[in-house]
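Chain nomenclature is as follows: A, B, C, D and E, assigned in order of appearance, with residue numbering initiated at 1 for each chain independently.
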């Protein structure tokens, strides 16, 4: 077992564990924190896969910006108490069952996809994930969506203003 | 690493996200679970971008940059997610202002 | 001559239209003149026509216009004036004219408008009857056939304020319709096999019909005759039809319309003589009706009812004659019957008129001295119908009975029994009505008087005919020449020759005359002394109640049909079919109410549904082949 | 491409207007000018004259089909703004912002009609959706509006997640985000990657969500009901049609290519039936016309799905027709609905007496929605039926569909019954003359399309 | 050109009528329009100029449909019926007042135009359009001006027929794709290449629509309620003309397109029709409401027409062809009387009527004649039709004809019952002060009665007029 593999398993386990912890934490703040752990482990994966740019962006955007925003809102609403009303257990059970079924179906679907069974994800090599390469593509092939996503931001901005501003 | 490991990992994270959406009532947590789902997709895409065997891509011009499009896609997902978060949190705040709750079942006037 | 045939029905039609349309503005006398005059004109034309036919200068078919002409058959509106129809023309217009004249007096109390309505109906009836006998094909005959049914309906229900009368009228029409359906089906059968309904073509092509066809056609046609001529089982309307004015009973329900069945069978003799089944059926139904209704007639107390049942019985004789092949005999009997039965009805009308609409013979009696003319003519009628020589009924009935004996002695025996009963109930009627003491109220007695000339003159004429009518066809055994037989022979060619020797024939005559005479005399003696006034008991009660046949029909047919109608209306229609249709609507509404509960307003549930649906879609994807095959099987 | 640029640009112009101009009714006029400009630009571009030449690579591919749809969408929006623009003004202080968002949505619509890359599909859908979340919640004091926005947002994001998962798997299967994939007819599933199919299935689910096809329709009634009626009108028509156009493109390229491995028709048949069932049946029992229209829009989606089912010439042409006919009629119905103070069926009682013009034109809109001949709606339904029947298979599906169409008559005609056959005192906002004229013109357009569709067919060749 | 004008005149007339406010001018104008239409129909009837009788114009080339209108024998006859019925109806109901008379008459004209379109169109899609177009005005007419339960009842009628016509649309579309030249033209439809099983399915889809319209048991339950609830003028139009659309469509479309399928299914359909005849007759016997009785009676008659149609006999078809006209005339007459009674006495219940013949002799006489036509007495128009139809049915199956024939007995029962209960007997409280029918009613009835008698005595012109259609059909029987 190489270091990469050990790291892989560790990060995977961490990601899954923290993801589950996001769900079962009673306190929303804990959930946020666990989610940040998930993001960190995913970033770890990115680094394993040599996608440094994304790893950094993930940390900055998600763990940094988005989650802080979440935390901020939670704090703002004073939701850190763990008195969230619970769904009744039947619904919960149904939810878990549905999730598990979905997982089963997806996994079995992927397993029956024969053409990728031999494929490997290349670890620790390749330079497509470097900021230089990605930047080049982003501003050549992907310049149109890049520009267009600005519209998305504008609308989000306008929207947030419209919605959140007190009248 | 076999790509299947990544797929299964991503699927598992995705499904955990789904379960979270299903079993929690706090809108913010639900939203976080959705973010979790998006992240699992991101992970999967990055893994695919590094997949050795990409079947039947006839586009030679992209040959040098095989896989980079997936990473760009991830980038866009993050962008969109950020935008979504701002709107989503705004909506949740608006709701909280009106009813002082973030329970999704609290507002239940629209039904049947 | 070519012009004249259609003149015969044209006059009554004009009379109908004039009287009908201007019924509010015409005076009674004008109405009477139009009514009677049109028939008289028609009668005159008929006489001319008859004489031409007699002299052999007749043409068979006179087409007027195309009635129905479709690709594989053609029905012309055509008239056929031959021996048979011209004879019937004479009877119809002749007797009809007398009855019209009679009616002018009899119906004189009616309001002007209704008086004109009456005559227009009567004219319409004569028109239809003439169409019936003049038609050159079965379809035209059918037109007249239904037309007389209609007129019968209108005339029976003439006094439409009375619901009982309306009911009787409706009954007559409906029962006729039952027969008409058979007739119609018979015509269809003919048309589908031969493509024609013209008599001449049909009779020329009988050889193209299989025995089944012939039997089927003749039986179906006979069903029509059963309805129209009041044979078992469709006879019950006729006694009820006495609800109409008495002249109507005389004209329609004795002299003309009811003989339409005889005319039709006689007309179709070429067909009937080829089917033993049909002939036997006709004979059996005929003799059964003759006997059955005679039994009922014995215990009836309504003067018109007795005559009605006697009519049914006599019609049975005619059918017996037809069934045994004595077509001439039957037609002969139609003629004599027309005379004496019209006479009897008109006489009865005269009586009823005299004692102010009392029809129950138990409240009559001793009318002899008050109504001498009526009495005498009525007596002649009774003798004639009883078959006492040399009155007309004797000759015609005897011819039928002789033929019946030749065909099957049992028919003869039964026929003689019937003849005996006929004499019995007729003389019972006569005795109860005219002999003994008057049993009505004082006031009625006070008003008793002989009827005016417009009533008595037709009575006298008819009495003469009832007496002498038989001489047109005196059998050879009595030294006659059977003129009628010879006259009709061109249209009734298939009639089998008499095979009886003269001795047998004379014996038979003797027996029947003696039976008739004895039973008549018995009745005369019995009832002139002690009229039957009490409610009958035992068998008598059954007979008085007409064997409970009406009740039986009600219980077996009418009520079940009505119940079925109610069942359909209230159960099947409401809860069944409409219930099903509305049920679809209700079901959709119900499922709407249920289904919308799925939309419970909770995000979690929605997403749960979505996830499950995704899984289901996946499963479908994995089993798509199976499912596709399943659907392909459906369509 | 020019339409995208101009719609985004005009959106920004209006952003500035929001604080430069204080007269509320000016915004509407500016928006109308913008839409007219947009329409002109789009038509010009479809004729080959473009203002900006942008090479979008394989991200966006413009076809005549796309241009025609853009025109329909823009024209519908124009009609929408003309008819209900005044009512938007009544909604609050952010009138200009609402128009901004509408323009951004249009930008998304124009992307969706031209995308050739799953990335563009994703971005297009998001540009379409995010403004809608906000418009849904724009009536901030109204708890229904809040609720609708929250539900829409949560479920929309969830479906985005599913969509992304699908796209990721498809990428795993084909190695490209481009819509067109070079395929070799070898290997398992005849050259079709299994991952791609799984991905497509997921993508289909999320697209079904967007077009509110059952069983992914649950958001629709609640959101349409809760959102301010003016925006429901917009959502239910132009946005939905855009979703269908995107879906159609996806189907006609990707699903056709993979049809050797998976019987998409079967899946669609099931979805169609479910959609028709849920939409029609549930609509029957509604008491509120607004909510009934929400369900009916699901039912209409069931018919539009026919195009995705059959994917032939009739389908694409028919979908455009359907989009046009359905949008026009729905905009009309909602324009009337917005004027009603009581949006239950009882609220419409006796409208024919007090507002005959409203009632008459509303009747025509409803008849068109119900697919009665000689209205545009019939023609649209006709094309949908023809698209399946021309394949000669799945006739039972058509029969089921027409039976449901008959059910739909039930609830559409309930409105007509209320207006014409019942008596009541309907309360309406003040109705201006120009509004009436607008309605009549719209109704006339619907009738003209229905009676003489050849007039617009010449536009539909592509 | 006449063909086009026949449709355009009522449409334009109707639209103009919409805008007229004054009730009297509405009625005057309506009569004018109706008479112009009638004159056009008569011109068509006596014209043989094909260029006048046919109209063909491009409409929607993309859909393969054209505006093809034509007047052949059958269309001429039915156009005449439609054109005759409206003046008669307007005359007979002249004294009735309607709220919004302009709209009422306008819708009547639109309905008329729709029906004329159905009878004239030689293009399947056009046919379908008119088929629906006739329905919508009828729906509004019944729902606005109808009786108490009008809304539900009419709605049921509408949905019921709408379901049928949608199924028919499916069939039309399917056949369209099987036509050799992808066209909706009548002739192309006649030459569609359908496999046996396809034809079977499409036959039923098509047939159900027509069966609902006619209506054939068990698709009839909309009918009595609708006839009862609709304003009588509309009922006349519905029962007199609109139900003929079903019969017409069988002859023009169904039988020639699916000759084999209609033959193989004939036994089922004839059985249903015959059951329906008896069923309707029996129910009619038990009715206490004039309108419902006439409705069921009409259903029985329609059952006979349907049975005769599927008996595959030219005679039967011929009978149906002329019976379409005759039945229309007769039943309109019956409705006029029903309306006159209801308007005067305010009831339609037999149990509340009686003895009217004393008070209204003219009405009684005219009604009796119409009733006799209803029971198909010879020398009334209905006899000829029923004679031919039964004849056709007999050739198909004598037993069936016999069973069906029971209905003519039952017809006599319920019709005479109706006469008796309304007109005969003694007057009751309600009819004590009744008066005779008004002049306009009499005029309408007299015209109808004259038609009844004339066509009963001399039906041959009508037969000649439609013989072509019967012949054409017969050549399609394999």
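By our rule, contacts are C-beta pairs under 8 Å (C-beta built on N, C-alpha and C of every residue); 3 or more make two chains touch, one makes a residue touch a chain.
Model, not experiment: these values are computed from the prediction.
Contact with both chain A and chain C is made by B, D.
Distance from the centre of chain B peaks at C, each centre being the average of the chain's Cα atoms. The innermost chain, defined by the distance from its C-alpha mean to the mean of all protein C-alpha atoms, is E. Greatest Cα centroid separation from chain D: this falls to C.
Contact tally for C-D versus B-D: the pair with more C-beta pairs in contact is B-D. Look at where the CA atoms of chain C average out and do the same for chain E: the two points lie 36 Å apart. Distance between chain A and chain E, defined via averaged C-alpha coordinates, is recorded as 71 Å.
With centres set at the average Cα position, the gap from chain D to chain E is 43 Å.
Here the spacing of chain A and chain B, counted between their Cα centres, is 6 Å.
The multi-chain contact residues of chain D, meaning those touching 2 or more other chains, are 119, 123, 126, 130, 133-134, 137, 140, 149-151, 154, 158, 162, 172-173, 187, 193, 221-222, 395, 410.
Residue positions 596, 599, 601, 603-605, 607-608, 611, 614, 618, 635 of chain C each touch two or more of the other chains.
The multi-chain contact residues of chain B, meaning those touching 2 or more other chains, are 3, 7, 14, 17-18, 21-23, 25, 30-31, 48, 51, 55, 66, 69, 72, 76, 80, 83-84, 87, 90-92, 94, 104-105, 108-111. Remark: the chains found to touch one another pair up as A-B, A-C, A-D, B-C, B-D, C-D, C-E, D-E.
Residues of chain D that touch chain E in their complex: 367, 372-374, 382, 385-386, 389-390, 392, 395, 398-399, 402-403, 405-406, 409-410, 413, 417, 420-422, 452-454, 457.
Within the complex formed with chain C, the residues of chain B that make contact are 18, 21-23, 25, 30, 104-105, 108-112. Touching chain D in their complex are the following residues of chain A: 106, 109-110, 112-116, 141-142, 144-145, 148-149, 151-152, 154-156, 158-159, 161-163, 167. Contact residues of chain D toward chain B in the complex are 119, 122-123, 126, 130, 133-134, 137, 140-141, 143-144, 146-151, 153-154, 157-158, 160-162, 164-165, 167-169, 171-178, 181-184, 187, 191, 193, 221-223, 225-226.
The part of chain A that touches chain B in the complex is made up of residues 4-5, 8, 12, 15-16, 19-20, 22-23, 28, 31-32, 35, 38-39, 42, 45-46, 49-51, 53-54, 57-58, 61-62, 65-66, 69-70, 73-74, 76-77, 79, 84-87, 91-92, 94-96, 98-100, 102-103, 106-107, 110-111, 115-123, 126, 128-129, 133-134, 137-138, 141-142, 145, 149, 152-153, 155-157, 159-160, 163-164, 166.
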